[in-house]
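Please read the structure below before turning to the comments.
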Amino acid sequence: MNDTPTPKKPRNAPGALSNAAIGRIFTLPGQAVSVLVLVVPLLVALYMSFTDWSPTRGALFDAGFVGFENYSELLIWDTRFLFAVLRTFLLSVVCLSLEFVFGLGLAVLFLRRFRGTSLLFSAFLTPMMILPVVVGYIFWMLFQSNGPINQMIEFVFGAEATVEWFRSSTTAIIAVIVTEVWHWTPLFFLILLSGLNAVPENPVRAAVILGASPRQVFWRVVMPTLKPVIIVAFVIRSMEIIKLFDEVFMLTRGGPGSATETISLYIYKLAFNDFQLAYGAAAAFLVLVGSLLLVHLLLAPVRDQLLEVER
Amino acid sequence: MNKPKLELVSLCKEYDNGSVIAVEDIDLRVEAGETVALLGSSGCGKSTTLNMIVGLESPTSGDIQIDGKSVVSVPPGRRNVGLVFQDYAVFTSMTVRKNLAFGLEVRGKYVLEINRAVEEVAELLGMSDKLEARARDLGGSELQRVAIGRTLVTKPSILLLDEPLSNLETSARLAMRRELRRLQSEIGLTIIYVTHDQVEALSLADRIAVMNAGRILQVEKASTICAMPGHTFVAGFLGSPPMNLIRGKFEARGGEVFFRRGDFSLALGAGATVPEGYFTLGMRAESIRLASGADARFTGRVSLLEPRGSEAVLTVDVGRETLKVVVPPHARLAVGEVVGLAVDRESLHFFDGDNNRATSLELAGRIF
Amino acid sequence: MHDKKLSPLQTVILMLALAIVLFPVFWILMTAIKPPTDWNASPAIWIPSEPTLVNFQTLFDPDALGKYGVGGVSQPATKAVLGSLLATIVATTLSVVIGLFSAIGISRYGNGGKATPLIILSGRMFPPAAIAVPFVIIFSNVGLIDSYVGLIAIYVAVTLPFSTWMLKSFVDDLPREIEEAAMIDGRSKLMAHLTVTIPLIKGGLFATTMFIFILNWSEFMFALVLSYTDVSTIPVQLAKYVTATAGTLYGVQAALAVLAMVPLVIVGYLIQSHLARGMTFGAIKQ
C-alpha cells in the first residue's frame, strides 16, 4: 500500500491574489490585443457594412445608414460575389480532397519506416514551409507558355498538347489547384501520419486474429481512431483555404477576367481597387458568418471528443 | 493415440539474421481440454511462442500443428485460435455487443446467428446486462471479460492469454481465476497462457512449461513441479521462497560421504566412493527444519526473520552460503543467533553440475 | 514488426512523389543562379551552363535594377529585407510573450473569461482582406498607415491564436504539481511561473517562436495593403518585381524568393517535430 501523504495544495499568502484574479491578469494582454486590434476594427467594419460609405464621401460617421442594402445586394444581385463564393467553395472541395488523398497515400507509405525515412520526411514537408507568395511565384514561372511544365507536356504528348495556362479559365483554375495542392498536401501528410502512428497496435492485431481482412481492419478499427484527426485536418485547412489570396494573386491576379477570383481577391478588389469599402465590409461579414457555420458543422461529429480531451 | 490439440515441433525464432535467438528448439504437446502455462521471466521467449501459435509471427524453423495439421502457412484469422492481449485491446469506439460480434461480423454471418452467439457468450461471462455499454466506459476486469468473450464468440479451439492476471487487482484476480476455471470445465476449452508469475501458473494450469532464454526447461504437472524440479532454473524459480541451491562437490572423508562447498558441508551417510565433478544440491526451504544438539546436521547464523502470517522465513548464513528456511511463526530467533538445522535425506535434490538437470545418484548405499 | 523495405511499386511511387515535391524548389534555385541571358530562354533552361550569383547582387543595386523597369520593379530589395526582419522579429517576440501569458492563464487558471478562446480563435477565420479594410481606415485616422507599428500590431493580433494555443498545449503537458511545489516553497505564483514553468517548456517555446516567425515572415496581404513608401516587406517587394513582364526579371525575382525561402525551410526543419502541433492549434501532437 502506498504511504505517500496527499500533497498539500499551495495556500494563498495573505494579500496574494486569488487564482481567478491571476488568471485574468495573465490573459489580459492577449485579450487586450485581440479586442483592440481585432474586435474594434471588426465592429467598425460591421458598422460600416450597414452604411453606404466610401472614402470620397467624407468621414465614416457621417455616412448614410442603409440597413441591409449592402447585404441584399451581395446575396441577390452581385453575381460576381456569388461566383467568387461558389468558386472558392468548389476550389476548396477539390483541393482538400486531393490533398487528403495524396497526404493519406504518403502517410501510409511512411508507416513502414523504411531506410531513409527521416530524411525523406523532411523533404516531403518542404512545400508547406515556403511562403505562399513564393509558391505562387514559382508556379507562375512553371506554368509560363515557355516554362518547364509545357516542356514536359511537349516531351510526352507532343507540341500540340501544350497549353497557355493563364489564357483560359479552365487551365488557369487547374494551375491554381495544382499550386495549392502542391503547397499543402504535406500538412495532410503530417497530420495523417501522426494520426496513423497513434493508432494503438494491439486492437489492430486483435482484429486480424478475429479474421478481419485488411480492408475491414482499416474501416472498423483504424478509422474510428483516425476520424477526429481527419476532421481536425479538414477544419484547419478549410479555415485557411477560404482565405486563399497570396498564391492566386501571384499566379493570375484573379484572371483571366475573374475566372480564378477567390472571395479574398474579390474583397480586395472591392476595397482597394474600387474603394467600395462599405460594400466590401459587408461581403467580408458574410464570409465570416459562413466560415463560422462551416467550422461548426465540420466539428460537430467530434465536438464531444475534443471537449473530453480538453477537460 | 489421439492427436494432441496443439503440438510445437522444434520451433525456432530468430531475428536480425540470427543475431537474436528468441525461441530455440521448442517441443510441446498440449492435449485437448488442457490448460498449460508458459512460465518464465521477461525475455524468455514465451510471448514470442504465443505469437507464433496464433500466427502474428512466423517461425524461423520448426512446425506448429493443430489437430495434427500444420498451420504455419495459415494466416492468423483462419487458425481458429483466439488470443487475449495483456492490455485487452478492446475496440474502444464500439459497444460491448459490437466487440463481441466483431469476429462473426467480419466473417459475414447473419444477424440472427450473430446475436444468438453474442448473447450466449455474454450470459456465460455474466455480461448480459452490459451489452449496450460503450467499451470505453468499462473497468479493468470487465474489459478483460469483453476481450475473452470476443474470442469465445468465434468458437476457437484453442484460447491463448497473455499474462491474464497481471493487470488486475488482487480481488479481481481471484474472481478471474475462478472465471477461467469455470470456462475450462464448462466449455472444455484448451487454454495456453503466458505468465511470469508462478502463482498465476500454479493456480490455473494443469501443466506448466518453464522457459528460460528461449528454451523450455521442463514441462510438468502443476501439482508436482514444485516437488520435482527438473532443472536448477525451475527449482530456483518456483516456490516461495524458491529452493535453496548450492553448487559443490562430493567428497569422501573418514568413511563418510559429504557434499561440500567451502565451509558448508552436509553429511550424507557412510560410503567410500563419490561421483566426480560438480553438482548442485537443492533443498526446499520447507524441508529444512530447526534442530538442536546432535540432530543438527549443520549450523548457521540468523541474518533475517520475515514473518509471513502462518509461517516465517528465516535467512541463515551457513559459512558463505545463504539458506532460506521455513519455520513456525512463533519461533523466537534473534538476528545473529546461531541455530542448528537439519534436513531429511529424502528431501534432497541433486542436479548435474554441467547441464543443471535433475539427476539420480547412488551414494552411501541409497539413491538420491 | 514493421517491414523495413518497400515494394518496387511503392519505391517508384515514392520517388515520383519526391520528384514532384522537389522540382519547383529545384527550379527556383536554378533560376536564381541563371545569368540574365538564360532567364527567358525558350524553351526554358533547366540548369544554367554558367551559374552566377549576380542576381543576388542586383537585388541590392539600384543602378543595376534601374535598367529593368520603373516603379517597384527598379527598387532595391534592401529596405524590404530590413523591413521584413524588423516587423517579423518584433511581432514574433510580442506575439510569443503575450501568448505565453495567455497560455499559462488559460491552462492553469481556467479561462480567464469564457469568451477568450472563441475570440482568439475566430481571429483566424476572418478574411484578411476584410480586416484590412477597417484597419486602413482606423490607421489612417491615427497616423499608423504606412508604419511598422501598425503592421506589427496586426501581425501580433493575427498570430496570437497560434501562439496562445500552441503554448497552451505545451503548458498543459506539464504536470501542475511542479509549479505547485514551487509555490509551496514560498514563491509567489508569478515567480513560480517565471522560474519553473517557462524554463520547463523551453523546447515548446522555441518551436512556437519559430512557427510564429514563419507566419509573420510569410505574411503578404496586410503588408501589401498597409505599405506605401516607408514600409516594405519581402513578399511585397517580390510582388512588385513580378509586375515586370514575364521573363524580364526572372533571375532577380528568383533571387529574392530564394532569400525569403531559405530561412523558413531551415527553421521548419529545426522545429519539424512540433509542426503538427503548431499547424493544428495544439490539437494534434506528433
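Every chain is named by a letter (A, B and C) in the order it is written, and numbering of its residues begins at 1.
As a convention for this text, a residue touches a chain if its C-beta (ideal position, glycine included) is under 8 Å from a C-beta of that chain, and two chains touch if they have at least 3 such contacts.
Bear in mind that the values here come from a model prediction, so they are computed numbers and not experimental data.
K.L.:
Centre-to-centre on C-alpha atoms, which chain is most distant from chain A?
P.N.:
B
K.L.:
Looking only at C-beta pair counts, which chain-chain interface has the most contacts?
P.N.:
Going pair by pair, the biggest contact count turns up for A-C.
K.L.:
Centroid of chain A to centroid of chain C, CA atoms only: how many Å?
P.N.:
About 16 Å separates the centre of chain A from that of chain C.
K.L.:
Where the centres are mean C-alpha positions, what is the separation of chain B from chain C, in Å?
P.N.:
Centre separation, chain B to chain C: 61 Å.
K.L.:
Between chain A and chain B, what's the gap in Å when you average each chain's C-alpha atoms?
P.N.:
So the centroids are 58 Å from each other.
K.L.:
Under the touch definition given earlier, write down the residues of chain C that touch chain A in their complex.
P.N.:
Those in contact with chain A are residues 2-6, 10, 13-14, 17-18, 20-25, 27-28, 31, 40-44, 46, 98-99, 101-102, 104-106, 108-113, 116, 119-120, 122-138, 153-154, 156-157, 160, 164, 177, 180, 183-184, 188-190, 214, 217-218, 220-221, 225, 235, 238-239, 242, 246-247, 250, 253-254, 257, 260-261, 264-265, 267-269, 272, 275-276, 279-281, 283-286.
K.L.:
Quick check on the complex: what are the chain A residues that touch chain C?
P.N.:
Contacts found on chain A: 7-10, 13, 16-17, 19-20, 22-31, 33-42, 44-45, 48, 55, 60, 102, 105-106, 109, 111-115, 120-135, 137-142, 144, 146-148, 151, 182, 186-187, 190-191, 194-195, 229, 232-233, 236, 239-240, 242-243, 245-246, 249-250, 263-265, 267-268, 271-272, 277, 280-281, 283-285, 287-288, 291-292, 295, 306.
K.L.:
Write out the stretch or stretches of chain A touching chain B in their complex.
P.N.:
Listed in rising order, the residues of chain A that touch chain B are 200, 202-203, 205-213, 216, 220-221, 224-225.
K.L.:
Spell out the part of chain B that touches chain A in their complex, as residue ranges.
P.N.:
By the definition above, chain B touches chain A via 54-56, 76-78, 81-83, 85, 87, 89-94, 102-103, 106-107, 147, 150-151, 154.
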